[in-house]
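The data blocks that follow each hold one structure.
You will see chain A twice below: alongside chain B first, and alongside chain C after that.
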Partner chain A sequence: MNPFEFVEPESLEEAVSLLTKEPGRAEVIAGGTDLLSELKDGLRRPERLVSLMGVEELGGVRWERDRVWLGASLTLGSLAEDERLSGEYPILAQAARSIATTQIRSVATLGGNLCQRPRCWYYRHPGFPCYKKGGVHCYGVNGYNRNLAILGHGASVMVHPSDMAPALIAMDARLESFGPRGRRTMALEDFFAGPNEQQMQEHVLERGEIVTGVFVSKPPSDARSVFLKAQDRTGEDFALASVAASASVSDGAVTRARMILGGVAPVPYRSQKAEEYLVGQAVKEVESSKAAELALCHARPLRHNGFKVILTKNLVRHAIETILKQ
Partner chain B sequence: MARLSVVGRSVVRRGLEEKLTGEARYTADLKLPGMLHARVLLSPHPHAEVVSVDTSAAEAVPGVHAVFTPFDDEASGLFAGDMRVLDTRVRFVGDEVAAVAAETEEEADRAIELLGVEYRELPFETDAGKALRPDATDIHEGGNLWGGEPLVLERGDVEAGLREADMVLEETYVVASHSAAPLEPRAAVARWCEDRLTVWKTSRGVHQDRAHLSAALGVPEERIRVVGPHFGAGYGAKDESRCAMLAAVLARKAGRAVRLEYSRYQEFVAGRVRHGAVIELKVGLKRSGEITAIDNKTLMNTGAYLASGAGELRRAAQGGLYLYRCPNVRYEGRLAYTNSPVAGSYRGLGAPQGHFAVEALMDQSAKSLGIDPVKFRLMNHVGLEGQLGRRTSPRDLVVDTQPVEGGIPFSSNGLRECILRGAEAIGWGTAVEEAVEPHLKRGVGMATCIYRGGPGWESTARAVLQRDGKVDLHTGVVDVGQGSHTVLGQMAAEAFGCGYEEVRVVSGDSDVAPHSPITAGSTATFSAGLAVKEASEKLRNGLLDMASTYLERAKDGLDVSEGFIVAKGSGERLESVAVLASRMPGKFMDAEASVVPGSADYIVNSFAAHFALVEVDLLTGSVSVVRYVAAHDSGRIINPLAAVNQVEGGVSQTLGLTLSEELVTDGASGVTLNGSFLEHKCPTIGQYPEIETIFVETEDPIAPFGAKALGEPPSVPVAAAVINAVYNAVGVRFTEIPLTPDKVLEGLARKVEAA
Partner chain C sequence: MRLTVNGRARRVDAAHHWTLLRLLRDVLALTGAKVGCDRGECGACTVAVDGQPVYACQMLAMQARGKEVVTVEGLASEEGLHPVQRAFLEEDAGQCGYCTPGFVMAAYALLLRNPSPTEGEIREALAGNLCRCNAYGRILEGVKAATGKMDSRPRPSRGQALRGNDGEGCG
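And then the complex of A and B:
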């Protein structure tokens, strides 16, 4: 591992200025569970790490009248164990609890989870100068692509590894950021960028811009939701596929639906076809397998990952059956 | 079975306290004055000539003291058959190319990056089947088929057996290569004092390591000392590698002590993996349930070097040859060199692969005949009398623990009782309790196992009575974490007649310990145990001579018991061993014994029957083992708790081979893609089922205190037991392991299509 300078600013302004002073030489670090392994494997060699853990305003959970604010440096462990959150936003706690191990959750942060880099084996191996590391070639296209994308792939067939993202998008979360041009918010769904839009990152942040937190509106009283995740090693693993589903039902009919797929596309994949099918349907009439077919109708599996189409359909079907029973 | 006083008790394992408190020192913990740190460069190419290495930039890095390349004189030494200390030809991505030693690890890393290696790339092949095609590139002189011809073993006439069958079943099984993934990566510290070399290393045999170092470096064995500190697991995989040699050469070049520890990735890639195998199996059956023939064609991938491939290829045969009573059996095994990571020893050495195929096809046979799988085993398993036929080997020769011929009985055989008691414990024949969720399907399955019972190589032990009345037991056998020192200490105490606490075990140092074989093949308890027992009995005899004079009583009226000289019969304590020892004429009294273990009349084998209750998730394709019963015949159990540990460890570890572990090589580049604990999916505590262990305690007449092998058998029947249970749960016969969710989902989809 190359030597680097470690700085821990106490304010956002200071952090942004440290990041923009010598562009390209500094990296943001929070929990470090992703970045440190990249440093150890020699995938990145920053000269300076700017820690966000000293910036007080990035931490914690803030309850507002009709929404909750989750700080970017809130650990996944705190998120999973917060009783009020588990009660009012159960899907978020479900997603958080499914991530990694107790030890990792105790340091990994929400902001880091949304900004993490691909888990693709070619990306993580220092021997492959792949597209997402600035190269020209995506080795996953013709290589061992069992774990890679079945949907929405472009210049890279990576999948976005975040479990929090699908769950938060299913709750219509908004992301707040702070950068050289000040503070802004956007729908979390719009935060993610596929390989054709961004090569060296998976989001739309500008240089020096930092995720500060996520707003989640209070769900309507008739809302229900679920997060399902399939893994190779149950517990302690990334998703082979995940599904975050939420819906509102009134008078026996679905009035609002969100169907977000994780681990199957370069960004969290929102299946509008499945949502459109569900909205307006009488609960009794819903055919979950039809919704599953629609959710995966654009699937283009690679040589080794046809099973992910079956798997994701199964999860969608089960998610719909689960929330309609709630 | 006669009750003994120390043998059969769960005494606390030696070294446990040090490990629990973190005091235990492993090789990589050692620090010597002036010690340098080494790093290794691994080949990025699967097959290439190393044309040149420009070391000038690396040598110019401040702090660098030595650089070692294949062009140095010390590089050409050959060891383990086909491996050089460093070679000008690299044969897989991960083959060691060069090494450096520097004041710090960072300086060594920097120097490695600055080595200018010029390669001439060669065609390569990672697939065993393709490597044996005539047009494949030769990885070693003499071609890619090890030995130049297949290993053929046969009894009777398989073709005739298949002809007389009412039904022939045929299936091809595939087992993926995976890593033993020890928690401790391999490491070595080397130091020269004038012309004497001392090496501390992750070792499972200090004398074998000494021999390898001697051969490779051209230094006489008498001038090499190998020490094995605490061992952080190896499961067989930590032998015949280059790590210690590189440290030794760098230390000589630098004139300083050198420490080399492989990184996690290097351990996965340049360590030793389990042989991937393709097994084509045919079984001939009579409608009555009788087995008329077993025909087995096995192809194994040994990777870039042979390592223990020859033993692996042989042991993969034994399940098919001997587990079932059958007059006509044949095994044709081929071992192929490929440009893949080196396959070597790993718990079970081929038997888990071979048994997976045999026991999966026997389950299918039972089903095809409409016979319950347990009943089918009871009808056909090999009994105490052994296989039919006439013994062909000379009658005065020690019987091979892996015979092919018939006509030789076993010294003991508890297989039937294993099957019966295991079946009862799992509730075989009663309805499986349904899972709560409708998408979870449950099933039970079983498989059996036959394995070498412990006779291995000649073993020596020395027992020394010290003046404080304690007994030092000298054995060269390394405790690889399984508890052999505890068990051997118990045997010494029992045979001598003192308490377990009175025995100290001196081991793991080639200068001190009597010459011993490596800890391998589940032989330590049996083979080293025989030597320990005999040496301790001799020492007891010597003490009784002295006691007879001292107490002025006839020797045949005396005995040693619990640290006292006692009167035979009455048990009256006449004098303590400690008092007698303090009055010994010399400074100590010792006795040594060398034993060639085994029997000329009997096959010594261990047996097991495993039963699994699994749950298959139809949505995700994941398989979890809910309950597991492992019934073993390993003779008398010396230390029940340590024995249960062995069984539970073997079962849970082998669930990796069965369900999740695979070391994946990129076809286009030969690069191993998943050399990490995250991506090479070893089971964790979350996947461990509730395991019930049953010991069917036969008392083997050949074995020391009746104790047979237990180290590897728990890993042997696991895959088949689980895969057979999956069939029982969902009605699909899976033939490839690890059985990961992708295979399950695709198999279930094929079943739906077929219906």
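And then the complex of A and C:
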């Protein structure tokens, strides 16, 4: 690893000022489990790392009357193990628990999970000056693209690796951030930016802006949800595809539906067609395979990843059958 | 920087870009945590930081500042091997031995927070450790044999002296 200076400010203002003082030379580190791989491979060479783990206000879970706030520096392990959270927002614990390994979850944070860089092997290989590293080509288009996008590709066929993102979007979560222009919140769905909008990052944060937490409203009492994930190996691997589904049912009919796909597109992919199909349907008449076809109707698989279309359809079907039975 | 390693408060000089693994092995001469993949995938470098299992290769030494680190060298005491180590020996839970310290530490961290895990919980807790000899069956038996035996053996507390190769001369 190239040498750098590690600084750990105690306030958000200080962190932001350290990040904006020398643009391009300083990077944020929280758990660091993703960043360290990039530093070891020389994909980034910051001169200074600004740690967020000393900023107390980024930690913990805050219960409010009709919503919960999850701090950006909350570890995935504590998210997975928080009993109240598992009870009231089971989909979040399911997603957190599915991520990586116990050792990674001890350290990796919620904010870091949302800001992860692509896992694409061309991106991770120091020898490929790929589009997401500022190059011209996306090597995944004509290269070995088994794990890459089947939906929504643009200038890059990367897939967004986050598991927390689909689960949180299915719960209509809002992201809170703090930057040089102050604090703001946005729908988490709007936080992510595809390759045509942003080349060197996968979100809309401005320089020096930091994710501070996520708000999740209390789900209605008739809500049900599930997170499902397909991997090559169940421990450790990133999702080949994941599905976060939530729905409300009253008087035997679906009144609200969310269907978010992970690991298949450059951003978490919200399948509005599947949602529209589900809303208004009588539970007994829902055909999960029809919803699955609709969810993947825009799929354009690459040379080696046609199997991901079938895999994702099966996950969607399974997810719908699971939540409608709950 | 200051941290506690195996119950002993230490003051060490560490470059900001060093991993915790490098600090433990090259400065503190605690070579029980192994260099395997150096990518946070194989688990050979597993140690406990504030009781949580972590990959020492995928954490900066600076991130362990002020924390309590336990390595495999910190498990045995004057009274002998730690129950997890004894169970691994009795169950022949390993083959070439390279991954063993990592598995022992992952099992130790599991039993710290869950003294009586189910088989599913053991499998989940060890999913981040790889054994190239494929001794997983024996390792699982080793952890099962250690289950329920750790309650009376709390982890080393701050300032408690432990015998062993603890890297003299580093503060």
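The rule is short, and it goes like this: the second predicted complex is superposed on the first by the 326 of 326 C-alpha atoms of A that agree within 3 Å, B and C clash if a C-alpha of one lies under 4 Å from a C-alpha of the other, contacts with A are read in each partner's own complex, and residues count from 1 in each chain.
As a working rule, a residue touches a chain if its C-beta (ideal position, glycine included) is under 8 Å from a C-beta of that chain, and two chains touch if they have at least 3 such contacts.
All values reported here derive from a predicted model rather than from experimental measurement.
S.K.: Considering only the touch criterion stated at the top, classify A:S217 as touching first (chain B), second (chain C), both, or neither.
M.R.: The answer is neither, since A:S217 touches no partner chain.
S.K.: With both complexes superposed on chain A, which partner does A:F6 reach: first (chain B), second (chain C), both or neither?
M.R.: Only chain C; A:F6 stays clear of chain B.
S.K.: So in the superposed three-chain picture, is A:Q103 touching just chain B, just chain C, both, or none of them (first/second/both/neither)?
M.R.: Touch partner of A:Q103: chain C, not chain B.
S.K.: Looking at the overlay, what does A:E236 touch: chain B (first), chain C (second), both, or neither?
M.R.: In the superposed model, A:E236 contacts both chain B and chain C.
S.K.: Once the structures are superposed on A, label A:G32 by its partner contacts, choosing first (chain B), second (chain C), both or neither.
M.R.: It touches chain C, and chain B stays clear.
S.K.: Show me the chain A residues, by the header's touch rule, that chain B contacts in one structure and chain C contacts in the other.
M.R.: Residues common to the chain A contacts of chain C and of chain B are 3, 234-236, listed in rising order.
S.K.: Considering the complex alone, what residue numbers of chain A touch chain B?
M.R.: Per the stated touch rule, the residues are 3, 121-122, 124-125, 127-128, 139, 142-144, 146, 230-237, 240, 304-308, 310-311, 314-315, 317-318.
S.K.: In the complex of these two chains, what residues of chain B are touching chain A?
M.R.: 44, 93, 106, 439, 618-622, 624, 660, 664, 666-669, 671, 673-674, 678-679, 681, 683-684, 686-687, 740-742, 745-746, 749
S.K.: Which stretch or stretches of chain A touch chain C in the complex?
M.R.: 1-6, 8, 29, 32-33, 36-37, 39-40, 49, 51, 53, 77, 100-104, 106-107, 234-236
S.K.: Can you list the chain C residues touching chain A in their complex?
M.R.: On the chain C side, the touching residues are 15-17, 19, 38-41, 43, 46, 49, 52-55, 58-60, 62-63, 65, 106, 109-110, 124-125, 127-128.
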